[in-house]
Structures are given as structure tokens and as C-alpha cells.
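By written order: A, B, C and D. Residues from 1 in each chain.
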Amino acid sequence: MNAAERRVRDSFARQTFMSLLGARLGRVSPGEVDVELPFRNDLVQQHGYLHAGVTTAIADSACGYAALSVMPDDAAVLSVEYKVNLLAPAAGRRFVAQGRIVRSGRTITVVRADVLAFDEREDARPVLAMLGTMMAVRGRGIVD
Amino acid sequence: MNAAERRVRDSFARQTFMSLLGARLGRVSPGEVDVELPFRNDLVQQHGYLHAGVTTAIADSACGYAALSVMPDDAAVLSVEYKVNLLAPAAGRRFVAQGRIVRSGRTITVVRADVLAFDEREDARPVLAMLGTMMAVRGRGIVD
Amino acid sequence: MNAAERRVRDSFARQTFMSLLGARLGRVSPGEVDVELPFRNDLVQQHGYLHAGVTTAIADSACGYAALSVMPDDAAVLSVEYKVNLLAPAAGRRFVAQGRIVRSGRTITVVRADVLAFDEREDARPVLAMLGTMMAVRGRGIVD
Amino acid sequence: MNAAERRVRDSFARQTFMSLLGARLGRVSPGEVDVELPFRNDLVQQHGYLHAGVTTAIADSACGYAALSVMPDDAAVLSVEYKVNLLAPAAGRRFVAQGRIVRSGRTITVVRADVLAFDEREDARPVLAMLGTMMAVRGRGIVD
């Protein structure tokens, strides 16, 4: 494991909210990070599908770490903004958020993510599309 | 409690994810719904602030129920899309997501939310701004 | 030219704003529509780059017609919402907005677009990414 | 006219695209800038309403200059991203985009805008809501 992957994995481990969800890191490579989540009955909205806040949360983490994976050692990553379209009810046995860099800059990195739902046959379909903006910060506040 | 408020409260009670977060409904009036959340250490990102997925989740629920509160009895509400700006680190003792209707239509309702963070003195500051699109559905799929 | 392509081209021809910009339709196939635009000095912002409103306008038209290209004959298309990231200064000799369907539904169609800038050597680079929501309407108002 | 207002008005005058649209600056005060636009038949989409690219363009300019109005003298403003909801068909005799600062920071400024349509009686209704992100740059590229 190289230094960048180590940094991503150490930081993810400090996101106690990912632990609460039961989410774990999958693939970590430069500009590409996956976050995986098994379905649980305590993560749903009123119709029994995964709550949009849950799919958004794993997409945000996947995007943030995709951005961090190519940032300098002394930089931290913060989410400036994101937008999501919910493509289908989030029904499935497990979910994978695939965070990818669209455009990487010194301060601003534009990212996107797809969240895929896998059913019992391991057939996948997209349930969420995210487009977002991450920022490299060096010892300063979130959007300052 | 009138029928619309009853319907909102019943539906919110079925969102098991809100229970997992420790979130509860506050104000419920036509077109205006608040969701409240006390801080907890298992809801944070790597820097100790509330995870953006958490603030987004309560904002989404507040917006969805603001929309549902003015929909006909036979309609269900589904989130089509939303976008958020994260305005400041989500530090605080408790948080309130204020969902409001911007424009209400037969099929599409445009909504917004502010999430406020309250510190120990009960001083508030905004940490998230959401603009989103909700859809009234009648026995059909989410975006069909 | 089939009926769907004819419908797209007839509708585009009624968008007087596209004429004002000097934009024209490129590729029109099911779910995929391109809009092309040569650079002009009267389309710029304060630094001499194409105004973000211009690149957004051709991306919106490309997305709307990508959605319309797969809608039933009696449906019209309206933009519900969109969001864009500006990836780089919009410098170039010509620009192409590539509208694509992400997920097609009966009422709601989710779309995306990339706007590419071509320089004098015909090298391309992306300057805008759009994610948006289109709606099929049948003789009703825009978001009603 | 103070230095900040002068700077906004000089910069706006260099946006040739605003001239092409027939848009002009209205109110310019710290954090609040209005852009006004009379209706014209060459600014419409296929149903005869103002094209969404037009209302987005004046909203983007209003937001950018709202941000610039509170930035240091040596900073330029660039749009990082924005998202819009189209609330109603953009029918009217004239339109006003009201750009406002939501949260101002050293590098990132979060902005919003409403576009109002005025009919022949000067009755107004909102047709577009924007939420966006502007960036202060000092001699560097757009998102670098």
C-alpha cells in the first residue's frame, strides 16, 4: 500500500459515521475510490428503500477520497458542494459508490460518483448520480 | 393535529434511518417542516464535524415532508434530486434542518432547506443550504 | 431522417436564442444530441472567455433534445433543473455540447452533458459538466 | 459611486454577452447585485418563453458580481459551479435577476439568485432559483 492509499484508509477509518452505516472502503487508486455498503433495515426511508441521505453519504465519502488520493501530503479535503439525482429506488442487497475525479486542480477538484445497487443475483443498476466540488485545504476552515 | 400533520409524522416514524441518527420531527406546518438532531460522536467525518451525509439526510427529510405536507392524501413524495452547499464545518451541540417549499406544483415541488448549527449558548449559524426537487407519485416508481 | 430526428430539428429551429448565439444542431440520435457553437467576440464574459451562460445554454438545449428524442410523439420537453461545474476557462475556436440520457422515465428523464472546447489544432478539452432533469409534459405548464 | 461599485460596473461593461442580451446592471450594493433584462423575441426557446440559458446567464452574472462586490481589490471572480431550478415558464415583459451572497469566505463565496418575471401590470413572479459557488482568484486560472 502506497502513502496516498494509506492516507485515504487512515482518514476513512476516522469517519465514525461510515462505521455507523456499516460502510467500508473498496478500491483505492489515484483518482478512483469505491465505498461499499451492505443493506440494513435501519438505513431506510418510509418506503423501505435506502434513505437518499445514506446513498449520498457514501457517494460524498467516495468523491472526497478520490480527490484526496491525488492531493499533496499536507492537504486535507473538504466538500464544498454536491448535487445528486436519484435515478431509481435504492433497493438491493449491497451498494457501491464509485467516486471519480472529473477535473483536478490546485485548489478545486471536480468529482462525480455513481452509486450502484446489486441485487441477489449480483445484477447492478445505478441508483444515484453525483456531481460535486472538493477543495484542498491546508490548515484552514472548510470554505474560507 | 390535522390529517396532513398526522400523515407527515406517521411517515417520518417509518424512516428507520432518522431513528438511527437520533433525528426527530420539530415543526410541521403547511409547506414548512423542521427536523432536529443532537450531536453524537458516531455521526462525524474525519475532522470531528458532523458528516455532510448526515446534514444532507435531515435536510432531505425536512424538504420531502415540507412537500408532502401540501400534497393530496393519495400522493406519496419522492426526492428527484437535490444540491447542497456546505457553508461551514458542522460543529455544534444540535442541528435543525428547516425544509421550506419554494414552488408547489401538481407533479413537481421545488424545495429548499437551511441546516442551522446551535452551539452551547444556543447561538445558531447556517452550515448547509439545499435546493431540491420533490415529486408527487401515485402508486408508481420513483422517477417514472 | 426519422420522425424523432425531424421533431428535434423542427423544435430546435424554433429556439430563436440558438440562432442569436450562432448555435446549430450536430448529431441527433436516440438519447444523444450535440449542439455546436463557433466562438464569437460578443459571447464573452469580462476575461474574454465564453460566458458561462452561453455554454450552459447549449448544454441545456443538447440535454433537452436528447430527452425529447426518446419521448412519445405527443410529449413536449421542459427543463426542470440543472447543475453545472465549470471545469476550465471556455477558450477555443468552437464548442460542442454533448447531451446524453442518464436515465429515461415516463415523466422524468435525467440527463448529462459535457461541453468540449476545440482549439485551432482541433484538440478538445472539457470546459463544462452538466447534470440535469427534464420532464415530459402533455399540454400542461412547465412544472405543474 | 464607491470603488467596489465602480469595479463591478467596469467589469460588467466588458461582458459583451450581456450587451448582446440587452441586459444591464441595476442595484449594486455590497453583496447584492441586480441584473435587468427586457424581453426580446430572439431570446426564446421553442415555446416562446425566455430560454433557460438566458435566465441562467443573468443569474450567473448577478451572483458573480454580488460576490465580487465584497472581494479585495486585487481579486477577480470566477464561477465554480451553479445549479438552477426553473420554477415557471419565463414569460414576461422584463426580468430581474437578484444575486445575493449566502456566505462569504476568503476563497469561496456561496451565492444565490432569484429571477423575477414582471408582466404588463408590473406584477412579479419568480421563474428561476439559483444556488452557486464563486471563487476569488488572484492571477490564476479558473479552478486551479
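Rule of thumb we're sticking to: a residue touches a chain if its C-beta (ideal position, glycine included) is under 8 Å from a C-beta of that chain, and two chains touch if they have at least 3 such contacts.
For clarity, every value in this text was computed on a predicted model and none was experimentally measured.
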item: From chain B, the most remote chain by mean C-alpha position; value: C
item: Between chain D and chain C, distance of the C-alpha-averaged centres to the nearest whole Å; value: 21
item: CA centroid of chain A to CA centroid of chain D, Å; value: 32
item: Chain centre separation (chain A, chain C; CA means) in Å; value: 28
item: Per-residue multi-chain contacts in chain B, two or more chains; value: 80-81, 83, 85, 87-88, 103, 110, 133, 141, 143
item: Graph class of chain-chain contacts, one of line, ring, star, complete, other; value: complete
item: In the complex with chain D, residue positions of chain B that touch it; value: 83, 85, 87-88, 102-103, 110, 112, 126, 129, 131, 133
item: Chain B residues within the chain A interface of the complex; value: 11-12, 14-20, 41-47, 49, 51-54, 56-58, 60-61, 76, 78-89, 141-143
item: Chain B contact footprint on chain C (complex, rising order); value: 80-81, 83, 103, 105-108, 110, 133, 135, 140-141, 143-144
